[in-house]
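Just so it is clear, A, B, C and D label the chains in written order, and each chain counts residues from 1 on its own.
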């Protein structure tokens, strides 16, 4: 494996983790969607590069799907939806930016320790790739936990999916089936979200999850 | 052969239970079901008596492929099981006979008939079960069917609450027994009793199994700390079922305890006897003190079951103590006393519940404050109830006295026990036993006196009428049994010998050969008692006195208004009621045991409203043990309930925390 | 031939007991009057009362049931059987082994049970008052009695009265436990027979009466039987104390008639001495409040329990 | 009796998968609900027959599909409960339309999704490729989310949303675990397809990298654990049960939880094969115990009848996971028996609850009382169900709890005491509610029960029979599955 190829893959994966941190940092809705688009773009670059290194043609298709679907179509649709819902100006994070970032650092450190320790035997590329993928997943989960808004939660979920694709791409020779399924889940997730958001919008004019809470069963 | 016949009997009862679901709509349905139950119970009784009296040699075994897959259901009848079969089916037969008449008044027969037959079947099954699964299966089935029976009159919220407490305590008992059997069976799962007997146990294990058995069987029998459900549940059921619950089911619980502790656990340690003895003593006294405070006839009888169970456990405790010190002949005496009291109690307790059922039927009243003067309107029931009261108060000619007398003889043997704990416990328990016997007499003077004697305190009591023929025959049969057991105790003791040898390895000296049918527990010089002669003397001298007086002096008689120290004819309210009769006892014992408080509210001068006297009794065991547990669970449920109303985000944080925690574990783990 | 003789001796004992009971009662009343500087009725007065009562016409309350009429006969019979079983002038009589000390205490319990029921039957407040108090005292006296029986049985190794008397005759020597048992037995005897500290036999004052309240409604032959039963009960306790704690002069069974005569004379002397001591005690003490009696009887129970405990600890006490 | 697939008219494995998929398409198109309901029943019936054929015929494990003792238990149970629920749903749905809760459009979507759900579950059970299993479970979850939100009420939407978010996070973790398993298998088995095939994985498991397997098992346990509804991850289950239509609650409790547990068991066998990986037992035991104790206490304050029985499902899944976590032939046998009995009993209870909700027109526990008076058959049926679920004899769950508690007590007394405590608290809540619902004076709502009783009493009859007598064939089948589970 030429060192140069390893360096680029390493750089791209690291860049994805950085963008995940940026996602955590965003408190504006529109900004959030733009950073997510960047996140998806970097993912497609990294998957493309993996395809180039492992010269596995199917990875190119995955990179293309990630680019077209996640970097372009979904952000545009989300943008339109956010503007129509009129929630683009809401600011919402829970527990402030500072502690969330610190927690993010801790998570990245944890995933490094766990993955490097666990994948002692694998190829260095795979080890790096998995470590970064795990940290992106954990950061996505952290984002979902610290956001009140339905849209930002969906974006958090999508960033987890990106982490998964990064991990899947990193796994050499993983059969094509997995890529299709990940893409498949993103597609369906998006449709379901769309349907729900409109339904929710139609029902009680808010997408804020807090507003939704008081309809919980047994609340009477 | 006997086991097969017994199983066919049980299958018959179950078939009746299923049939009853259909038959209960027919007008003659309840009579049909009770008659068939009677016939089957009598059939099983005959088989049981045959194996019990003449059955000799090894216990008869049978294994069916049902139950636990690789072990199958084991059934065995040794003479101990045969004795308890006799007790169960005697109770079943007399109750069915009584129910032939009493059952007609049941307004929802559909809720009683099917479960009644199933209840009898499950009790029979418990006694013949010979492996852990079948035993617990039929044990819990017994609780389930009796829960359904207690819930028969479900419109009354107290009955529902009583049913709920009952099934909860029953399940607690079963789970305790389940743990006990888990220990005995070991990890490999040797659940058959035969394997359990041979299995070698660690030294700490039998002690723990005893405690668990006490929790399990004790809660079903009604030993004090776990007795709270019994006075709630037994009165809630229809009267003939309460008779079965009190008279027979508690005996099946005693059987369970004896089977586990004496049979499966092998040689006992001395502190077992001490524990059971002390528990028995406390149960006896607390039971009778509670009973004294009641003015609901059926609750009074239910509390009395607790007292008699205490007496039985005193006998068992003594037997354990003697067995631990290898005094097997003394253990045989103590166990014979306990088993004889099991039989006696099932006879007179059923009789008393039948009587209270008859009273409840005609007057619709359970509260003694509204009864009175029933002896004039229900003379036969009154006579039979009186015989029951005399028997339960352990007075000479009848059977209650004989088993108590044997227990006293066993206590008198115990100075030879070496352990210091026992040296102090036995006399103290002896005093408790004597105290409870005397208080029992007081309680039943109150019960009989207030409800049957004096003048009727309510319209319902005034219009009472005698019950039907069937109930009376059942009651007279039981009364006759009380007398026979009291007069010819020797026969019963010899009959019990094989059962006692199975359990303790020795039995009392043969009583049959003694002159004049008297019984000598240990030695001629030590003590002997002749029921027949005492009865003959009393009857003889009474009739002699009557004859002489009527011959020598006049037999003239004149009716007049009662003298009552010259007071004019007052309203029935001036008579002593149940709570006023118990007032002196309450003053002496009540303050300590029940924190009894009497609050008298006198009306203002010139205010016509009557003065009111309220007696508040706190049931200590209920306040100290049951209420904290209930509120504890409620508190935990409230605290955890918040977790139902969180936002999605917080639920996600649970998942997140779980993931991070586990990752940390893996990271730290070597 | 021997059987008939034994039966005759047993019959003699039963008649003796029946005859002496009213005499004992008359004697105690006479001595009490003498101590209070009164003339007092003649010693045979109780016999005359019984004869008078028996011939009168019985007046029954309207709602008195059949229990009310049978109870006196049962009470009399039970007490008479108990009295007959206790050895008075000779031990080891023909039927003495048919019931031991516990059975005798239980027989007295049976009599008390029916007396209390009879009290309740007529449905007046006095009957209830008497029964309730009687059963209170009984529920403390009977356990004390059982404890005394335990003590004596543990010392003598048997609960048969004849064997106990025989043991007491042969093994002299003071024992602490027997002393305690004697005091307890005296307390129980006083409470059971409704003597002064517990209940005044002579009074008719509603507030204090216990025994009298139950028999308020009885008349003529029923009242006679109950009076006789009460007298018999006093004799039972006297002969019990005599038999256990002062067994001197008791003849062996099947002994010569002279032994029986000596025994009878000794028994009569003991009775008179006991009666005298009882009256002296009664005149020297006032009646207790009703709710002080439970402590009085509680003391007896504690003494009995202490005695039994001592014996359980070691046989030498 | 090795009848090869040749002499059967159809290959059972393909039948089990093709029938639901095909009927899903057909049902999506047909208008009207009377015909589609019957078709739905027919389809599930055929699938069940196919599953029964599996008992006789055992095809060799293929590239994508595998049939062995373990998953035939789940397939047969799943298809049977699917069939009886279809029968129940046919009569239940008709009533729902009458009272206007569902429109005709919904029903077409409902029946199509029902068959898709069946297809997804059968695929997940039969998949040999762990990736394919993941996809199938993901499909099943998404269809159930759709079904939960079908009523379009606020609560239904909120429940569906909660189910979606938690479900997706769970599935994402499961996928990450699957990838890690692939990474561990890759150096040993080589790249590509056969590093995902379960049979190959199990064969070579002993020389995988143990640390990677541990991390993988954590992700898989938490991922699929969310689907099983274990305690810290359970939040979606009560609301999904309460707000979705009753047949779906029955399917959820009776089937979907078992399928997820099946996936966990597959990976437990995998991990158990590798000696120096950490033992999977303790993790499952702790999660099982937490779920048991937590759900038992949560039962007391519930006000909605379906949410009440949902927590009971969590409690029983906790017991089953605890049993499999304890391991050993006796505990595994008890776990399998308990799972079968729980599926049958809980779905029967949900059928009864469906009737109650329709007759009394409410799900609030406070408004339901006196059932044995107003509807004797329904009332006593519900009492029998609750008595069964509380673990009282003569019904089957008593036997499994008997085996579990007694064998655990001999090995780990403290754990057994904790289980007994949980069972007792749960029993207290169950019987408190049933004595209020079934007894007392009947509350309002006394119109006749229209839906059929057959499925409910069929299940209860099976449970009653199993409580008394287990056929030796079934016992021997469960025993070698128990050995397989290790």
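Throughout what follows, a contact is a pair of C-beta atoms (placed from the backbone, for glycine too) under 8 Å apart; a residue touches a chain by one contact, two chains touch by 3 or more.
This is a predicted model, so every value here is computed, not measured.
Common neighbours of chain A and chain B under the contact rule above are D. Chain pair with the larger contact count among A-D and B-C is B-C, by C-beta pairs in contact. Here the CA centre of chain C is 79 Å from the CA centre of chain D.
In this assembly, the C-alpha centroid of chain A lies 31 Å from the C-alpha centroid of chain D.
Per-chain CA centroids place chain A at a distance of 101 Å from chain C. In terms of their C-alpha centroids, the spacing between chain B and chain C amounts to 35 Å. Annotation for chain D: residues touching 2 or more other chains are 161, 165, 169, 173, 211, 214-215, 238, 302. In chain A, the residues touching two or more other chains are 114, 117-118, 141, 144, 153, 213, 216, 218.
In chain B, the residues touching two or more other chains are 644, 648, 652, 655, 659, 663, 666. Contact between chains, per the stated criterion, is found for A-B, A-D, B-C, B-D.
The touching residues of chain B, counted against chain A in their complex, run 644-645, 647-649, 652-653, 655-656, 659-660, 663-664, 666-667. Against chain A, in their complex, chain D makes its touches with residues 129, 131-132, 134-135, 138, 142, 145-146, 149, 152, 154-155, 157-161, 164-165, 168-169, 171-173, 175-176, 178-180, 182-183, 186-187, 190-193, 195-196, 209, 211-212, 214-215, 238-239, 242-243, 302-304, 307.
Of all residues in chain A, only 94, 107, 110-111, 113-114, 117-118, 138, 141-142, 144-148, 153, 209-210, 213, 216, 218-219 touch chain B in the complex they form. Of all the residues in chain C, the ones that touch chain B in their complex are 54-67, 73-74, 76-78, 80-81, 84, 95, 97-100, 102-103, 106-107, 109-110, 112-113, 116-117, 120-129, 131-133, 135-136, 138-143, 145-147, 150, 153-154, 157-160, 163, 206, 216-217, 221, 224-225, 290-291, 294, 301, 304-305, 308-309, 311-313, 315. Within the complex formed with chain B, the residues of chain D that make contact are 161-162, 165-166, 169-170, 173, 211, 214-215, 218-219, 221-222, 226, 232-233, 235-236, 238, 278, 283, 294, 297-302, 328, 330, 372, 376, 387, 390, 392-394, 398-399, 402-403, 405-411, 416-417, 420, 423-425, 427-428, 431-432, 435-436, 439-441, 468-470, 472, 475.
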